[in-house]
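What follows is a group of structures, each given as structure tokens.
First chain A sits with chain B, and in the next complex the same chain sits with chain C.
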Partner chain A sequence: MARIEEITLPRERPTPARWRFNATALLFMGPAMVLVLVFFIAPVIITFAMSFTDLATSTGLSNWQWIGPENYARIFRSQFWLPILGNTLVYVAVVLAFNVIVGLGVALLSVHMEPKAGGVFRALWLLPRISPSVVYALMWTWAAASPPFGMLNYVVAPFGLEPRYWIQSDPWLIVIFINGFVGASFGMLILTSAIKAIPEDLFRAAQVDGASALQVIRRITLPLIKWPILFVLVYQTMSLFASYEYIYLTTNGGPGLFATETWSLWAFHSALSNYYGNLEFAYGAALAAILVIMGLGISMVLLRVFRFGQLVAEPRVEVE
Partner chain B sequence: MRVVLEQLTKKFGDVAAVRELDLEMRSGEFVALLGPSGCGKTTTLLMVAGIYRPTSGAILFGDRRVDHLHPKDRGIGMVFQSYALYPHMTVAENIGFPLELRRAIGKPERDQRVREAAGRVEIDDLLDRRPSQLSGGQQQRVALARALVKRPDILLLDEPLSNLDARLRHDMRGEIKRLQKEIGITSIFVTHDQLEALTMADRVAVMRNGRLQAYATPDELYARPRNRFVAEFIGTPPMNFFPAELGSRNGSVVARAEGIEVELTRAQLPRGEARQATMGVRPEHLSIVSPADGNVTGEVYVVEPMGREQIVDVQVGERRLRVIAPPGFTGRIGDRVGLRVAAERLHFFDPTSGERLS
Partner chain C sequence: MATVVAPVPGRSRWLVLMPYVVLALATLPILVLYVWLFYSSFFPRVEGFRPIGDLTFDNWRFLWDPASVPQMRNRPPVIPLTVNTLLFATLTSLISLLVSSMAGYAFSRLRFKGRRVFLGGVLLLHSFPSVTLLIALFVVLRTLGLYDKLVGVILVQTAFALPFGIWIMKGFFDNIPWDLEMSALVDGAGRLRTWWRIMLPLVKPGLLALGILLFVEGWNQFLLPFVFMPSGSQQTLSTLVRGILGEGRFVDYGLLTAVGLYYIAPVLVLFVLAQDQLMRIYAGGVKG
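The block that comes next holds the complex of A and B.
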């Protein structure tokens, strides 16, 4: 009679079939893979490659040469790289905080309103996003125009503030508000739908359990939308690092020399809008490459801080 | 805690979900709100809980009016149909949540009461799990424990059994009833399942289209339904109905319907001078006999064996009557049979208003 210890279970063998070339799968994935390759991967590779050349208007497309890491060396020799990096970090951090906090606040307020009023309220916050960037930026430059014009001067007058030319006197304030208001709508949209996806009964149960409105938000709503909040944070970080259009359209990095210049605007100025008419594509590419690395690094830190792995392992919102 | 609803009304826009509901529950009583889907049961419960504000009317707990109070100040515990467990908290955190919100209760006492509540519903070994790691029945117990942990005066249950399988439902029916009696807590229980209402509740409030149809003990609802709706809604399979004429013979009142002629007992005598009536008889109060012995004859239409008994549909003239027959009944489709009516078990309703005549 066989003793229990003698029974050997058949060992699971590795299944080579799983790794075998699957033509059908490739056929289905092919088109998407081509798109990803052409529009996502190729530009990154080209940018990195270009950053090791001296490509510019002066060299043209035929006379450029490989120059190794000279562009990078030049960036860090520049007296501006540190202040601009500082500007960038301040810009991203403050606008990010504005975007996420205001977006979350608007989302929370609007879902607690009467449904129709909530919808109108959200639509108002969406206006900056759906109006063309140039129009939106122009509105801000008009609103912040120099005295005696500028709606902003009239708005703050009752608070005893002197009229001023805001873009000159407080450029950062304008940069933060113009980007903050337009960016808040993103968080608002994502977080509103996330909150609405939470089953109504959970809120009712919390009320019956004795929670006040604030306790419901803190103990039920926020933990259940942790994941969408993280998504908004990471996504906004990336897009803020890369965005420059509203700064370009208002202060254009000024006033003076690089007062509100951010890294992406620097790259843009170098590569595509140079004062001297010599567009230094390669130098801009090196700046952009650093930007990509910064964005990735910060996102990774954020994911770590929010313990991403644990978040996705956990069910997000579940009924029952 | 005594609960009184006075002329309670809730409108959503133009739709009146609950209309002029009057209901009184004695302290410690277990009351079921019973009715078909959409009749306003949940709406009523949510008004008692304080989640919906009544359009008009009053809610009293004891002698105190509570309709202006926030849910947290009403001293209620509630079990939701979806259980509404917080997915981001463990079982222990879920149960402890109502206590955690009260500053007055410290951590040691909280832990102790969580264990006690969990023990009551026999889930002590699940305290560290997340709701997603529990079966439906276990989730339901957690919801019960959470509702009871703060020792509320009133327990509200919204269809707590409808998400469970038949077997578990049966078990929980008994357990909830026992728990309710053990704690002696005034409880309101919403269900659309008449069997649940009849088996569990001390009194049953039958609702339809937002209105109260009847409020009585299960026995009374079954034996003397107040109107045709209640008669049809209570009891499975449902009562048979047919139009009858009331007349007199030798000084007593007789009812004639479909060739059946029965003398009414004193308890069945209609108030007033009704000549037309809807006669109702429950399937269990008809018996199948040989064609010669019945009050009426018919033809077997279909036989449904149910194990303990059989449900037999018998075609009588234009009408099909449901009869409960013992398992020994061997009739087959098409057989001629006689039906004997238990005359004292007949019910008579006004053909237009549907109100009970006697």
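The block that comes next holds the complex of A and C.
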């Protein structure tokens, strides 16, 4: 052993240049690292740590205690966890289907028209996403409003449907519409650029062979954009599980007890906004922790599946 | 950009028109919502699309005579709220731009220990839903003494924008050829100087596009100010609209649409001016 040590080369010490170089990187990365540490990494850890305490308005920030997995036990003792989980799954599944199908539809239709017109339609579909959520929610609140105001009642009247206050009578319809129209633009943008990236020769060749528009879409376009479609599916699944802003602004989980409450809204209500006055931070954190684990899991899948290695490749040239 | 399928002579007219008809019908709900927003703010009362009464600016009184609007009593006046919103959007977009263009430069041009891990982390956070962290952030802000302060919310919003911003900026820098920068470095200019003097001017269009997008997101932000700045004087326009909308008693759509239109107008103007850049950056940056 000793002999081996004798013949090993002296350990390489970082040259001053190398060291200085890392200092430069630190200088450039420093601000971002601090912000990410304080506002992403620490909160992830705190979410998990907090979920094992009894932190609430009643305990304050100083008088809390560790209580083990009690919050998790409480979640699954609650008579609401199953219906809320059910709501969440329905919400994610239906809005996801709406988003992807409509997003794909708008993308396909808008590339099959004059470029200018297609651009106008895509801009209109992007409007809900770039609008303030409160204003967008206000517009849907109006559309769903009871007579004589809301537009929806005028639309359904010719079909013999009774006028109603839709947020009370059909809250799911409103939740799905308001989220569906926002989310569709995501798929639309990703899939439009994917379709535009397909070499035009393929379409021309198909046309020469006499393929119909539908055949072209089914045999050429769709197979070639299946990875972007999968990406949109996975990415949207994750954001839908975590999102509650538009539900909060319209039905707020109601009407009644938890009719449209989803898991993430439940966490928000427990910890940050309820009528009882006692904000149960720890209980909310336990609810959120389940979503955080899911978020991290799905994000990792995204990185794996969508060629992460290529995305983080080293810079080509280096000056030292 | 050519149409994907060019019209072929002899193809039925219906097939050429079909996409227009279908898409126009599908887009109608969106159009109706936005047209109503304009329309309703200039009439005393609108039922469906039928105006009751004459064209009026009465709904806009909240701007010059807030005392006469019952819903505006007990609320902070609009102008300071607008200043808060503007400050919030401007500062978050400027700080995010600065921090993410620095980190983006490092990822694009420097080789350093842990680069792969850090970049992986950026990508991971990029698809990670940050709203799930709100509860923990409440504790973080309380601990740092930044709760109920504009600064605290600005920092959170800035941090949330970083994974997206860094990724986009790295892409911009990746597209810049090496020659210019190399000659500056060989001439002995420091990295910081090179980044500021040579690289940033080269990615100016990208910076502008990203800046507009970040500004719009800051301007629109509702949950963060709502949760982390509960007291009146610090609030933004989003919490004002939410406050009037959520009052529960009779909803005054005339007033609401006027305030809503006032709030959304700058976003719409920016969108009309920069829609191409915004769409490109949304599509390239992948942020839901």
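Operating definition for what follows: the second predicted complex is superposed on the first by the 250 of 320 C-alpha atoms of A that agree within 3 Å, B and C clash if a C-alpha of one lies under 4 Å from a C-alpha of the other, contacts with A are read in each partner's own complex, and residues count from 1 in each chain.
The rule is short, and it goes like this: a residue touches a chain if its C-beta (ideal position, glycine included) is under 8 Å from a C-beta of that chain, and two chains touch if they have at least 3 such contacts.
The structure displayed is predicted, hence computed values, not measured ones.
A.B. asks: For A:L224, select first, second, both or neither according to whether it touches chain B, chain C, the two together, or no partner.
C.D. replies: So A:L224 only meets chain B here.
A.B. asks: Any idea whether chain B or chain C touches more of chain A?
C.D. replies: Between chain B and chain C, C touches the greater number of residues in chain A.
A.B. asks: Contacts for A:A267 in the overlay, against chain B (first) and chain C (second): which applies, first, second, both or neither?
C.D. replies: Second partner only.
A.B. asks: Of the partners chain B and chain C, which touch A:R304 in the superposed model: first, second, both, neither?
C.D. replies: neither
A.B. asks: Tell me the contact category for A:D201 with respect to chain B and chain C: first, second, both or neither.
C.D. replies: first
A.B. asks: Regarding the shared-chain residue A:W142, is it in contact with chain B (first), chain C (second), both, or neither?
C.D. replies: In the superposition, A:W142 contacts chain C only.
A.B. asks: So in the superposed three-chain picture, is A:D209 touching just chain B, just chain C, both, or none of them (first/second/both/neither)?
C.D. replies: Touch status of A:D209: first partner only.
A.B. asks: Is there a shared patch on chain A that both chain B and chain C touch, and which residues make it up?
C.D. replies: Dual-contact residues (chain A): 207, 314-315, 317-319.
A.B. asks: Where on chain A does chain C make contact in their complex?
C.D. replies: Residues in contact with chain C: 21-22, 24-29, 31-33, 35-36, 38-40, 42-44, 46-47, 50, 55, 61, 102, 105-106, 109-115, 117-119, 121-143, 145, 148-151, 153-154, 177, 181, 183, 186, 189-190, 192-193, 195-196, 198, 200, 203, 207, 213, 216, 221, 235-236, 238-239, 241-245, 249, 264, 267-268, 271-273, 281, 284-285, 288, 291-292, 295-296, 298-300, 302-303, 308, 311-312, 314-319.
A.B. asks: Residues of chain B touching chain A in their complex?
C.D. replies: Result: residues 46, 49-51, 70-72, 76-78, 80-88, 97-98, 101-102, 130-132, 136, 139, 146-147, 150, 163 of chain B touch chain A.
A.B. asks: Taking the touch rule as given, give the residues of chain C at its contact with chain A in the complex, in rising order.
C.D. replies: Residues 1-6, 8, 15, 19-20, 22-23, 26-27, 29-34, 36-37, 40, 46-49, 98-100, 102-103, 105-106, 108-113, 115-116, 118-121, 123-140, 142-144, 155-156, 158-160, 162-163, 166, 178, 182, 185-186, 191-192, 195, 216, 219-220, 222-223, 227, 237-238, 241-242, 245, 251, 253, 256-257, 260, 263-264, 267, 271, 275-276, 278-279, 282-284, 286, 288 of chain C touch chain A in their complex.
A.B. asks: Going by the contact rule at the top, pick out the chain A residues touching chain B in the complex.
C.D. replies: 199, 201-202, 204-212, 215, 219-220, 223-224, 314-315, 317-320
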